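A, B, C and D are the chain letters, set down in written order, and residue numbers restart from 1 in every chain.
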Amino acid sequence: MIVILKPNATKTQTDNLLSDLQGMGFTYHYSEGAQSTIIGIIGDTSVIDTDMLKANDIVADVKRVSEPYKLANRKFHPTDSVFEIAGRLVGEGHFSVIAGPCSIETEEQITEVAQAVKKSGAAFLRGGAFKPRTSPYAFQGLKGEGLDLLVKAKKATGLPIVTEIMNQHHLDMFSDVDVIQVGARNMQNFELLKELGHCDKPILLKRGLSNTIEEWLMSAEYIMAGGNERVIFCERGIRTYETFTRNTLDLSAIPALKAVSHLPVIVDPSHATGLPWMVEPLTKAAIAVGADGVMIEVHNNPKKALCDGAQSLTPEQFDSVMGQVKALAAFEHKKL
Amino acid sequence: MIVILKPNATKTQTDNLLSDLQGMGFTYHYSEGAQSTIIGIIGDTSVIDTDMLKANDIVADVKRVSEPYKLANRKFHPTDSVFEIAGRLVGEGHFSVIAGPCSIETEEQITEVAQAVKKSGAAFLRGGAFKPRTSPYAFQGLKGEGLDLLVKAKKATGLPIVTEIMNQHHLDMFSDVDVIQVGARNMQNFELLKELGHCDKPILLKRGLSNTIEEWLMSAEYIMAGGNERVIFCERGIRTYETFTRNTLDLSAIPALKAVSHLPVIVDPSHATGLPWMVEPLTKAAIAVGADGVMIEVHNNPKKALCDGAQSLTPEQFDSVMGQVKALAAFEHKKL
Amino acid sequence: MIVILKPNATKTQTDNLLSDLQGMGFTYHYSEGAQSTIIGIIGDTSVIDTDMLKANDIVADVKRVSEPYKLANRKFHPTDSVFEIAGRLVGEGHFSVIAGPCSIETEEQITEVAQAVKKSGAAFLRGGAFKPRTSPYAFQGLKGEGLDLLVKAKKATGLPIVTEIMNQHHLDMFSDVDVIQVGARNMQNFELLKELGHCDKPILLKRGLSNTIEEWLMSAEYIMAGGNERVIFCERGIRTYETFTRNTLDLSAIPALKAVSHLPVIVDPSHATGLPWMVEPLTKAAIAVGADGVMIEVHNNPKKALCDGAQSLTPEQFDSVMGQVKALAAFEHKKL
Amino acid sequence: MIVILKPNATKTQTDNLLSDLQGMGFTYHYSEGAQSTIIGIIGDTSVIDTDMLKANDIVADVKRVSEPYKLANRKFHPTDSVFEIAGRLVGEGHFSVIAGPCSIETEEQITEVAQAVKKSGAAFLRGGAFKPRTSPYAFQGLKGEGLDLLVKAKKATGLPIVTEIMNQHHLDMFSDVDVIQVGARNMQNFELLKELGHCDKPILLKRGLSNTIEEWLMSAEYIMAGGNERVIFCERGIRTYETFTRNTLDLSAIPALKAVSHLPVIVDPSHATGLPWMVEPLTKAAIAVGADGVMIEVHNNPKKALCDGAQSLTPEQFDSVMGQVKALAAFEHKKL
């Protein structure tokens, strides 16, 4: 970590800072230049909060030379992580399609969708039982009952299941779930992340509404630091001023994460855009840019307008998208 | 709620939508115009998720006519809410200054700061025991021990205390806390909000990093819907592209909230900017724009560079800011 | 255009608004509902500024039913526009690669790069003679002399040339240029756009730093309204809070523009990310998402660190990217 | 300027970079640390484009130690600039109110508004003759005829006038204008800025929709570098995701600019929010935060709904705001 001092730093102030650093167990390299003085901090600087260091009166700027994440860092884990989950491989070289409805409604609904998406080639079934909703008056999901229906659909089809957790104290209810999803609004719910670090299930970690790639990596690090190293990133769009799409899908995040981390990365085009007709081109773009999978909303009854059927693909539309996925994934030498 | 249909909506599709609406217990006003057809939904539309309705194939746009928040809404509660908290009044006509260190470190530190800020005129003491940190390797606060030290400082000075909660299952530990703070990263941690709706303490609800004013109101609504109507908003800057300040303080949010809600609103200039020298002008702006208080970081040992001393005001600097606050608050007929 | 009135609109205020509308030559459909009154304005509403109408005291909201752009609108021009430019076809079904250095430096440099990119399969040569620079002290380009060198490279290689204009009064100097580029900072320089509407050259219109897709379409409309209908959009990233990449490339904008407009759309991955190693995956994503081309920076001397060589691909790197482009474009049935 | 090299930089790469620097006339301080190597560039680094330097393969980061602006920089001009314009003083210690309609419509309109705002205490009259409009089909202003009417209102009232220029070739028409405004969309129209650098009138430079404070200072520098040192900044809100207000007014920008520059800074609450009822609280906040003035829209006929009357204050409302302005400015020892 490089600390650039302001030109007007006094010797006393500088000595105080250096002695604080020593007190924390760091050594340093000190270089006084013509324009400014620079301190190179040596040691495990991941414990230092750069914002706080920047706030020091005599500090002009702070620049990390090494990234603050370790377990998620490709430098210390050069080979791509590929996870085996219920017989499926997720990670580099594979393209995992997760599909299903936003909310679980009835046994018939979730099982029918499960059968349809399996037939079209999806590797995982998704469905929401606990729904994070902006309004306390909106439907919050079927909760435990919804989880039960999802597990029934898993048994009926053999598809492993992905579903969202909102409260660390619900973890017991997730024993039959194959992949636990952390939603965008909980990406920096550190208490939840810590608990998930102690469970033995893969975590699908969605990017927060306006979180940086580095913050996202640090949230993965929270989970991994607890012992659970199976984290899968899911890019789902960031909040910008643009209103054509619900969020702005940041596909640059895929090669960015692939460069600095060994963990798998998938893309959620359904939530990112809120526009079913954009799912196909953005899924293809996700394959081409190097993503390891997609998560797509599919609902079997889109005339049910007031629930989330309408923002989803129909099973027929999904089947058509899967035709494109299969061809492009084969072209890119990715296994479905 | 107004639903504007697309020009190409078929009769069958429209009938399906209307019958769904009836099935949910709504009545409607139907108007077929030259350019487009409009449905006015009548009933308690706060249960409707507009995003989902917008996603319907035949829907061009959805516009709420009534706001989705009720308990926080000034329409149903025209007079300003003023809360009595440990003998202090918080709300319109008053200007509450909350001051103290970012993190509680030692009994000596928190008590000294408490005595200093009390002497300068602060009404509440703040201090963090549970710290939400981007990195799992950074100091996470003294936790329960920190709460104990804060309570000691309260007893020593008589100042009521404000501190952050990160986990609903810590609530038992907050029995001596006067105001419970929800941090920006937890503004949409709905499980936490629900629990806080069942406690009998005022909640200081910080705005999320990139949350809209309406989403913020809806998070207050989550707490209020549980029975706890004492919510205080705290504007602490939103995330934008600008890097001069850490975040961009949105002072327009103060008159916005005052117009649509009856709840008190305060401002946190310390976190918003990350620059101690901006606290004075922005605190004055907060008074002038109509805020009901400020929350200011004060630390008694800013040479401790690696903890958060440096981004704070010294007690002397805080005393100088308070001189300005007293004069301007008096000018604006606000009681400290 | 739908105007939703506030519930408290008086009859006099409403009559004033209706009479203003009539005075402007509009007719209207008036519908008084249970909750709110709605006016449907009939006529060419593209002359109405919705922001101003929204600001009317009695107006709750305004919603365009028809888009404010006409000439760029696919509704009135259902078939894709494909432009023939110097023997090359640009638009749907084709994939045009524009390559070259950010700045033109010497005859040798621009000619060597031109020969290299031609050999690798680029269809157009780009090079900047007039450079929009944040600082008045930075190198502003070779200007007229740079244009001369670019034309020499065109003659030497036969490649048509693309270069940026910054001042409408330089138009005379662009007579040998094949495509005139409008940079992001000039996307809403309406005086420049108007002049370009009267010239007979295709315009490459870059998206502004934080402009919406609709504003971008309206800027194309400015050019087209003057008589010049050959506008090509170029997505080059928007400004967000994320700092990993220089800007955030918005690939959703490609299917968005393709859906609502008939004009060609290309992508600039070099400027969007500022990271040469991201050019290949984002170029592939651009093909897969449906773009009609890319613009890539190539420089023959990347050791020249203080000019813009370093952010560019070397000719060898570009050749490798073109290998990927050729294969994927063929797979997607796009002609290079 | 500090350049931090990547750990894997080879000696040859480093030598190339150092020799390039020398070739450009710079000397340097070279420091090889345990973790990374740092180059301190000595000389006038304002000509260096940091983005381009950052793009060099071996460069990890670049940090300016000195700001890239000189003439606008408080370091080289420690005292506040106060400009005398038509007998009024603009700058620190003064509070200048500029008021008038968005668009000039008729002689009667502009003269009546001028008389009204003068009576209430405005120091300058504003009115738009050339209007930057998103749509080519919207009213673009009365242009030259509008300027004539504005000059008539100036003669009738004695108020100096402020109006926007959109095209450097209109400069001749602005001979009777007292302050020339550059709109947000032209903040980085460098050709326009350069021309304004050669004129002898003060320039009111609005902040671009999503421009940083540093970019804004650099645009002032463009004007000042041409010889015209009378630049006044005008904060008018930045583009964010929030939709309650049209833009997000960034009042932190006022103390930021005051700290780093000697130039005056005013605030435009009318355009920032688009909400007339927010003008009063935000004008008061502007005074309290240290701004040197405000620009407020006033229209005498707000029932004219389709032009911009409605987003303006009426003369009566403006008079009421001026009552507040006079009291608070006196409290803050600012002269109107």
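Details
In the analysis below, contacts are C-beta pairs under 8 Å (C-beta built on N, C-alpha and C of every residue); 3 or more make two chains touch, one makes a residue touch a chain.
None of these values were measured; they are calculated from a predicted model.
For chain B, the chain whose average C-alpha position is most distant is C.
The centroid of the Cα atoms in chain B and the matching centroid in chain D are 31 Å apart. With centres taken as mean Cα positions, chain D sits 26 Å from chain C.
Between the Cα centres of chain A and chain D there is a gap of 40 Å. Looking at chain D, one finds that residues 210, 239-241 touch two or more other chains. Chain-to-chain contact here is organised exhaustively, every possible pair of chains being in touch. Against chain A, the residues of chain D that register as touching in their complex are 1-2, 4, 7, 29, 31, 33-36, 38, 40, 42, 60-61, 63, 65-66, 210, 239-241. Against chain D, the residues of chain C that register as touching in their complex are 13, 16-17, 20-21, 24, 44, 46-49, 51-57, 59, 68, 132-139, 166-169, 185-186, 188-191, 194, 208-211, 215, 218, 221-222, 225, 239, 246, 274-276, 302-308, 310-311. Contacts from chain D toward chain B in the complex involve residues 210, 212-214, 238, 240-245, 248-256, 259, 272-273, 277-278, 281-282, 284-290, 327-328, 331.
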